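Consider the two complexes below, in which chain A is the common component and chain B and chain C are the respective partners.
Let's look at the complex of A and B:
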């Protein structure tokens, strides 16, 4: 007890130095925690946007369609299938699409696109697509020959609202069919490559051309909660026993790669900061021990045993780092929590952010285990950097030390 | 001169103290270099992956092609012209020609939108090792009607080696392009999208198909040193003999990639700033303790008549030496460490490997050895540590001689 008190008082004998060390620990933790949460938040926003706007949580296809993309590989049935999916508990919304590869041509350009036949209302409930429109209108009213194309594709084709473009594709019987469509709307989803290679028309209109009745190629489901997909899957599989039911990570494994490498980067970064902190702490304490050679020698000479000297120095280091760390963790946690609620406005970078599919206001996200892991790392770091100076203090010879 | 000698001797009077200070600077440099190297490494990989299989590092095009990337704007460039480019610009190692256009490709029953690409296999392979991704057959056998297609496309069209592929589309300036070809090889293109569409054929054959004799969509320019691509492009654009053509860097051709990298760099800058703060405090701790420890010495020196500004100069010189040594030693320690990680990159863990191999990537965090950031980080850390030195200097001017000497 006496020793603890002594260590605590020793710390405050040199306020500037102690505060500098504490500030380093404090700032390192707060900043490290905050930036890790920010990066996580950006990734989160990117995925949410990508998943919610483009691929949805779950997709259902004809099992061979995923690879072969044949027009006849549809999921059969009429609209009752969609309605029954929408009623499954846990499903927020669902929509069906017809999906084909086709050539798109205007007077000045010919290119390939992925053509989606959509049901405008349920599509918008599921992907909120209409918000991407920058010109013209979303598909509305009775099924007609209206088409929505991406901004970059419109530039390539040199067309605007009201222009006529020709689509060529194979129908169910593999005959080449061409049809004229009128551009009704131009969208910009933020993903340039997507905009360049995607177009939307009325499903009913397209299906008639293809000769596939009310069949569809893709059923996309947006769940209430992305973490609760496995509970919906059986119901969907049961409704469409012959079809493949895939969740977002099965559809886009590349997303998983990005998450993993970004997480790894965050952890390496935190470890680098901790090494930096540990080294600063170690050096400062080592210097402090040498500066106090005389004092420590005196303590030993008047009878303080070596064990106690060791404990004294070690405790000083621990107190320094723990008090900085405790406040740092607390403040870091509160800071992240505050910004998680309020959001951090990064509209300064809005160009790039839009390009990457990130919202302009980012909500930092903290992995619930992160503060705990961080606390453990801090304790390990502090212990390691406490031991060496303490050992050094032990190796002083009292007589020589006093003489200095 | 006297001051320098004095400072140097002071340093070695208390070796332990000096080494501790040097090591804290050393560590700062080491950590900053490590972080920056890791970040640059991942960017380099990103650029390499994207650039190698798309635009190349620099490209020569017809002046109209940039705004309207269509085969109609293909430039005229025969073998002699390609040789001339290499001869005119010694920075260019070799060139990679391409003629490409979108067309419909059909097997027995099915039709797909395909990306017909005429290549010169030797230089193409030299540039992106496309041959390594051949899964079956050969990259061209010397026939006059042969194609190598993406494994994805082959599967969709139900084609194998020896089957025929019919191509139908638009050629140069309205000409009709139609032909029947023999599939002689299957290649797994690393870009999944392109793997579903890619049809490679020898360049002369593509020029015949599209009725575009001696024409190219673009000519990729490969500099001897990849990072000198800007120089190559500038040299061509300033050359009077190339007025009808325009050269571009990959940065101009892929603004999205540039933006992604800039965003990534903004993130790293944030990480670096935090790291600087942390290591800055670490250095400050040691310098501060050093100052305290020597207050008595300073007091005595001043009281026996040393002018304060001379003393300040000595201390400044001492720390200058220490910081300098710290930075140099830091860089020297970093080199073997980063070399190690350069050759043994950090693995992303099992399970990632197969997934990433499909995209033609390795499941590792790569490190970079670009000399540029070595200077940058060394200078920044040196700057930070010199900033911290202002503390003992100020301290000397404020020192209460009586109290200090009495200690």
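Let's look at the complex of A and C:
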């Protein structure tokens, strides 16, 4: 009890120095927590965008289509198939697509694109695609020869809204077919490479050219909850027994690795901050021990045992770090919570954010375990930096210390 | 039985190069309730001898027996415990813990000993009142005069009921009046509480208060004079 009181009062002997250390711990934690949450938020936004708006949670294909991409490798079906998928519990929405490789040509340029024949309404429910439009309109009305292309592709082709472009592709029977399309909308998804190589048309219109009736190449499913996919999968597999049913992480294994490594990044960042703080603490406490050589010698002379001397110095280190850390964790948590709710408007950097495929308003995300893990890291750091000064204090000899 | 007994005691510094005999073959005994003073010029070995007797230092040769126990052969941690239970210390300066009040400082050793709170409070307050510090219980050392600080240090040593109190030049930093006051107080406690005091000084003014005066010269025992 006496020791705790002494330790606490000792840290206030040099107010400025102690406050500086506490402030450093405080700022380090707040900054660490906030930036970790911001990075998480950016990553989440990026991955969410990517998963929800591009690959969706689950995709269904003809088993060979994934590798071979042949026009005839369709999943057979009619629109009642799509409706039945949409009724599966846990499914938020679903859409079907025709997907072919084709040549795209304007008056000035020719290139290759991946052409999607989509059902505008269900597509938009599933991928919210229309929000990427920067010019013109989303596909609307009866099936017609409208086409949506990416902004960067439009630049390459030197075309705008209303321009006429020609697509050439093979139909089901391997005949080369060409068709003229009118640019109705230009989109920017935030992923440049995607925008350069992707175009969208009405599925019904495309299917007629291809001669594949109501078949499709891809069925994309957006679940209510990304954590529920395994419970939806069997129902889908049952509905399409011959087809391949894959979840987002099977479609893009690299994505899962990136998500985990963004967590890792946060921890590495925090640990770097902590190493900096540990040196600050160590330095401060060594100074404190050095300044009090005589006093500590006197304590040992009058009979304070080594365990208590050690505890006294160690407790001072702990108090010093914990008082800053406790407030830092609290403020950091509240700050992140506030911005998580309100969102941080980074539209000033919208170019960069777009490049990253991230929304302009970022919501910092804090892994619920993060503050706890952080507290443990702080405790470990404080304990480690408490040991050396305390051992240093023990190495003092009472007579040397008392000698004038 | 003697409370302190040294026999053939040596403390030699730099034994391999140019030896300094800080304490040179001293055999001496002190009995309970003595009020003794070690004098001698600066460098004569007073501090070294007191440190050996107090178990703060280990002799090069010879033995130190305190309350019937050989302390020269004890392990470091046993000596710390022995000092806590058996020996009271008053140093020349840096006696008190700056962050504790006069009362907390005076009670410090009793608390280290694990004495009960009530016993500690009664004894410490009583002693502080007895030495005229009843109204300074909550003052920090920095708010006390040098003389008051030394009195708190004496109370701290005394409160823990040691076998004797060692005081190495306790008046060195005090003016004449404060020095006399402190010595009178120590002498009074010696008579009333029956506590053994062994202190060192090279201050002629306070030597007269001692009942026994041991004189060191160059680490050797020069004279040992008992007074009435």
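Operating definition for what follows: the second predicted complex is superposed on the first by the 400 of 404 C-alpha atoms of A that agree within 3 Å, B and C clash if a C-alpha of one lies under 4 Å from a C-alpha of the other, contacts with A are read in each partner's own complex, and residues count from 1 in each chain.
The rule is simple: contacts are C-beta pairs under 8 Å (C-beta built on N, C-alpha and C of every residue); 3 or more make two chains touch, one makes a residue touch a chain.
Owing to the predicted nature of the structure, the values given are computational and were not obtained by experimental measurement.
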{"item": "Touching partner for A:304 - first (chain B), second (chain C), both, neither", "value": "second"}
{"item": "Which superposed partner A:275 touches (first chain B, second chain C, both, neither)", "value": "first"}
{"item": "Chain B versus chain C as contact partner of A:283, first or second or both or neither", "value": "first"}
{"item": "Partner chain in contact with A:295 - chain B first, chain C second, else both or neither", "value": "second"}
{"item": "Which superposed partner A:253 touches (first chain B, second chain C, both, neither)", "value": "first"}
{"item": "First (chain B), second (chain C), both or neither touched by A:261", "value": "first"}
{"item": "Comparing the two partners chain B and chain C, which touches a greater set of residues in chain A", "value": "B"}
{"item": "Contacts of A:10 with chain B and chain C, given as first, second, both or neither", "value": "second"}
{"item": "First, second, both or neither for A:20, with chain B first and chain C second", "value": "first"}
{"item": "On chain A, the residue positions that both chain B and chain C contact, one per complex", "value": "none"}
{"item": "In the complex with chain C, residue positions of chain A that touch it", "value": "2, 5-6, 9-10, 12-13, 294-295, 298-306, 308, 398-399, 402-404"}
{"item": "Contact footprint of chain A on chain B as seen in their complex", "value": "16-17, 20-21, 23-24, 27-28, 31, 34-35, 38, 42, 68-70, 102, 104, 109-113, 115, 155-156, 169-170, 197, 256, 259-260, 262-263, 266-267, 270-271, 274-275, 277-279, 281-286, 288-290, 292-293, 346, 348-349, 352, 355-356, 359, 363, 365"}
{"item": "Residues of chain A that touch chain B when the two form their complex", "value": "14, 16-17, 20-21, 23-24, 27-28, 31-32, 35, 38-39, 42, 67-70, 101-103, 108-112, 156, 168, 170, 174, 176, 192, 253-254, 256-257, 260-261, 264-265, 268-269, 272-273, 275-277, 279-281, 283-284, 286-288, 290-291, 349, 351-353, 355-356"}
{"item": "Sites on chain C touched by chain A in the complex", "value": "47, 51, 54, 56-57, 77, 80-81, 83-85, 89, 91-95, 97-100, 104, 108-109, 111-112, 156-157"}
